[in-house]
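Scrolling down, you'll hit the structures one after another.
Consider the two complexes below, in which chain A is the common component and chain B and chain C are the respective partners.
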Partner chain A sequence: MSNTTSQAKNQSESRLNVLIIDDNEQITKMISSFLDLSNHDCTIVNDGKDGLELIKTKQYDSIVLDLAMPEFDGYEILDTLKKEDPSQISKIIILTASSVPLETVKKFKELGVSSCLQKPVDIDQLLSKITSVTG
Partner chain B sequence: MIKIKQALFLVFGITSFIMFYIGLLNYLTTQDKGMGLIFLIFSSIVAFGTLFAGLYISKNITKPIESLAQRMNEFSKNNYIKKISVDDKGIQELQSLHKNFEDMANIVGGALEKEKQLNLKLHEIDTRKTEFMSMISHELKTPLMPIMGYLQLLKKQELMGELNEKQLDAINEISISTEILQKLIQDVLTAQKIDLGKLSVEKNIVESKTLVENSYKAFNPICENKGAKLVMSLKTTEMVYSDPDRIAQVFSNLISNALSFIPEKDGLIEIGTQDNSDYVTFFVRDNGVGISEDQQKNIFKKFYQVDTSSKRKKEGSGLGLSICEGIVKALGGKMWVDSTVNQGTTFFFDLPKAKIPIERFQSFKNPAKSKK
Partner chain C sequence: MTMEEALIENLVLGNDHKESMKKINENLVQYGLTPNQSKVYLYLTKTGEKTASAISKNLNIPRTESYHLLNSLEQKGIIFSIFGKPTKFNSVSIDEALTIIIDNEKKRISDLELKKEKILTLWETVPKHVEQSDNADGNKFQILQGRNSILVKMDRMVKTSENQVLVLGSENNFIKFYHTEFVNLLRKTKAELQVLTTYSKKGKFALDGLPLNNIKKLDESNKHNFSFIIKDDAEVVFFINSGSSELMAIWTDSKSFVSTLKSLFKLIWRKSAFVLEKANKFTNNMSEDYEHRLREIEQEKVILDYLQQNVMVKKVGKNE
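== the complex of A and B ==
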């Protein structure tokens, strides 16, 4: 039932293909169910390395990226993309629980990151950032 | 300035010269050349003896004093002195001076060394505390994210299906508690940053009235809800250096505080600006229970809660005012309070006017450490 209502609501909006990279499974699940209900396609990955691989091999409209992850973290993903595929950086929305100093936020902006959000984020705000990546 | 060596040399030198001179004069003027010669030889011996005694004494007095001065110098540089073997043949008073200085230096040096070790240990603990806090912040904020997300989702009934009134009620209660929890975590983190002098503020040029108007707009409905009146009083149009988000936080804390202490009927909160030479003074005034002078001394301290007979529910971490003060200091201003019990309280804070060069306010970068 909920599916039909949400489909009806979002019929006019374009369907987005979103990648979520976060080691916290509850968070990825929550965001993906929200995107699902809002009628967007969503891929979740709980490991930085797998995330980077997906960014390189597949096309996404928008990428939600956590910074602090074990083994391969968000900073390393950004570093790699900067060297290998900088065009992907503009699709990235950073979503982090650590408090990021203003200078670092500025550096992210210079790098071309779409936006930088602090956990816990307002889910509507996150969705609006995700949709605004693609205009 | 004169050296002991020179003084002694002068005194003994002149004395021996006079002795020799008297002997010589006596020899040249006396009739009895034999006696004169004996007297001359005698006076020469005495003169040379005096000269050598002078040299000897000068050496024994000045050397230990010079070496003491050197050791003192060494101690003030390194907080440590090397032990030296004291020469038994020297002057006793000077030797005991050396010995006593050595004892004192060892005690002071030991205490300083202990303090140094303690400081190192404290620094290490402090670093670990900072790491711990940053870890905790991450660990506490992360689970809040799905809680808040799912709560928001559940409220979107067109997506998640309809809820009955009781279920909605329950969800609203969870939302309120979650928000309180989130604000507490945020407050602890902000207070921690202020403590470390790491609070990052932007110093943008902003209209002073905009800062007040924004908070007025945000809080007017809330005050109306609680039956209180919120009024605005703007006495200046000056621009200030400010961080609008941080100042909104300051106003939010001050107005929320005022709301918990105003009377249930005819509660009045006034917010506004005044001109104050190089600064613009902002204020939040209420007609609440007031704060006694004793309590006024403590309210900016962390975790301090004003104990009043007010029946209103008091919530919060006791961090609000210390955070406000930290933010204002980081922006180059200061904060103070004026209150009369049973009449009301006014909190004031200054922000530097934008026409003053910003360099003058850069020294306030580290509010925690400048506070003593």
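== the complex of A and C ==
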């Protein structure tokens, strides 16, 4: 195998398929852009129900989830996944601007959530959490 | 050995069916059969035709009582006798038996409705010796036991309400009355309706069709404490936690009672948010909302800085 082919293969293997669920359109677009710069594929949704539907129907390597969303929030998504598809919870990185009490963070961990980050978060840290989900 | 044990043992059933048979037995009692009638009927249904003496022996029921039981079940139309010596008995299928019992009940109620008019007409012909007291209204209490008697009273309150119907109760209480006329009457009432309830994703189906503009969300601290319904300024039904599985409530037209509960309702109503405000639940607390928005903006800035730097790096890289 040539060097070039090997490099291309490695790049393709590390290319992640990430889902971003956040009602803040600005943030979803920006995260999408930096993931694109980092050679990852990204799907964005600004509504909790659409996000849950995608989790159920498509395969993602990592899911970045906001908690505070109108109509169907991140808590409801977690609650539904806990009952219907708990294996997806370990792919979730919570990224929220809300104040999350320590007790709730512990509960997220017990549930199997990969990480719980409060905005604003450093991009390298977020990227490292996203890649570590699959790692 | 109790009669029930004898029944189960003699039905030649496996252990797996004991619970089911017990439950069927309990349910048949709700259909108006006595526990022993239910046992005899189930015994015949499971084992087929039997003589009275075999039934008496196998179910451990005294011979004379078994004849009474068979006679009453025959009159209900759910078992029949087969001519011969000795006479044997058999039952109709359980499906048919339930239909027969329900039809008999329907006919009984229809007869009672017909008789109501006759009794009232006759009553009008009877001279009255007692004058109605001016204070008859306003201090009556009535204990309502069981879901049906509570429902009848609440239905009547909603139907006759002219100004206002106030309902406070958890979704669990609404679920108990789901598929009944009560929720339907609330939907149709011309009176002003205000409902205070827990409004979760799981239980909100029980409130389907009620105008959301009239429903406020009962907060966690109040959700288990009390449930009541107030009609106008005149009547109230409030539920009692009796500790038993049977629902219990008290109806009263006591003015002081109605007024106290109405004040309580209004107080909680003022403090509560409409269920439609859920979309804005994160904006209720101004300070929290401000911090929330600030963090969002800071996050946007962090990402923007990152993007600017990296796009610059890429451009510079390309130019070189």
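Everything below uses one rule, namely that the second predicted complex is superposed on the first by the 122 of 135 C-alpha atoms of A that agree within 3 Å, B and C clash if a C-alpha of one lies under 4 Å from a C-alpha of the other, contacts with A are read in each partner's own complex, and residues count from 1 in each chain.
In this text, a contact is a pair of C-beta atoms (placed from the backbone, for glycine too) under 8 Å apart; a residue touches a chain by one contact, two chains touch by 3 or more.
These figures come from a predicted structure and were not determined experimentally.
With both complexes brought onto chain A, simultaneous placement of chain B and chain C is prevented by a clash. When the two structures are aligned on the shared chain, A:K58 is found in touch with neither chain B nor chain C. By the touch criterion defined above, A:E76 lies against chain C but remains apart from chain B after alignment on the C-alpha atoms of chain A.
Touch counts on chain A: comparing chain C and chain B, the chain ahead is B. In the superposed model, A:V121 makes contact with both chain B and chain C.
Once the two complexes are overlaid on the shared chain, A:P101 sits against chain B while remaining clear of chain C. Clashing C-alpha atoms with chain C after superposition occur in a single stretch of chain B, namely 153-161 (options considered: 9-17, 45-53, 153-161 or 333-341).
Note: residues 24, 26-27, 30-31, 33-34, 37, 68, 97-99, 118-123 of chain A belong to the chain B contact set and to the chain C contact set alike, using the contact criterion stated above.
Remark: chain C residues 201, 278-280, 282, 288, 291-293, 295-296, 298-304, 306-307, 310-311, 314 touch chain A in the complex. Those residues of chain A lying in contact with chain B across their complex are 1-2, 5-6, 9, 24, 26-27, 29-31, 33-34, 37-38, 68, 97-99, 101-103, 118-124.
Interface of chain A with chain C (complex): residues 24, 26-27, 30-31, 33-34, 37, 68, 70-71, 76, 97-99, 118-123. Against chain A, in their complex, chain B makes its touches with residues 134, 137-138, 141-150, 152-153, 156, 158-161, 182, 189, 193, 198, 200, 202.
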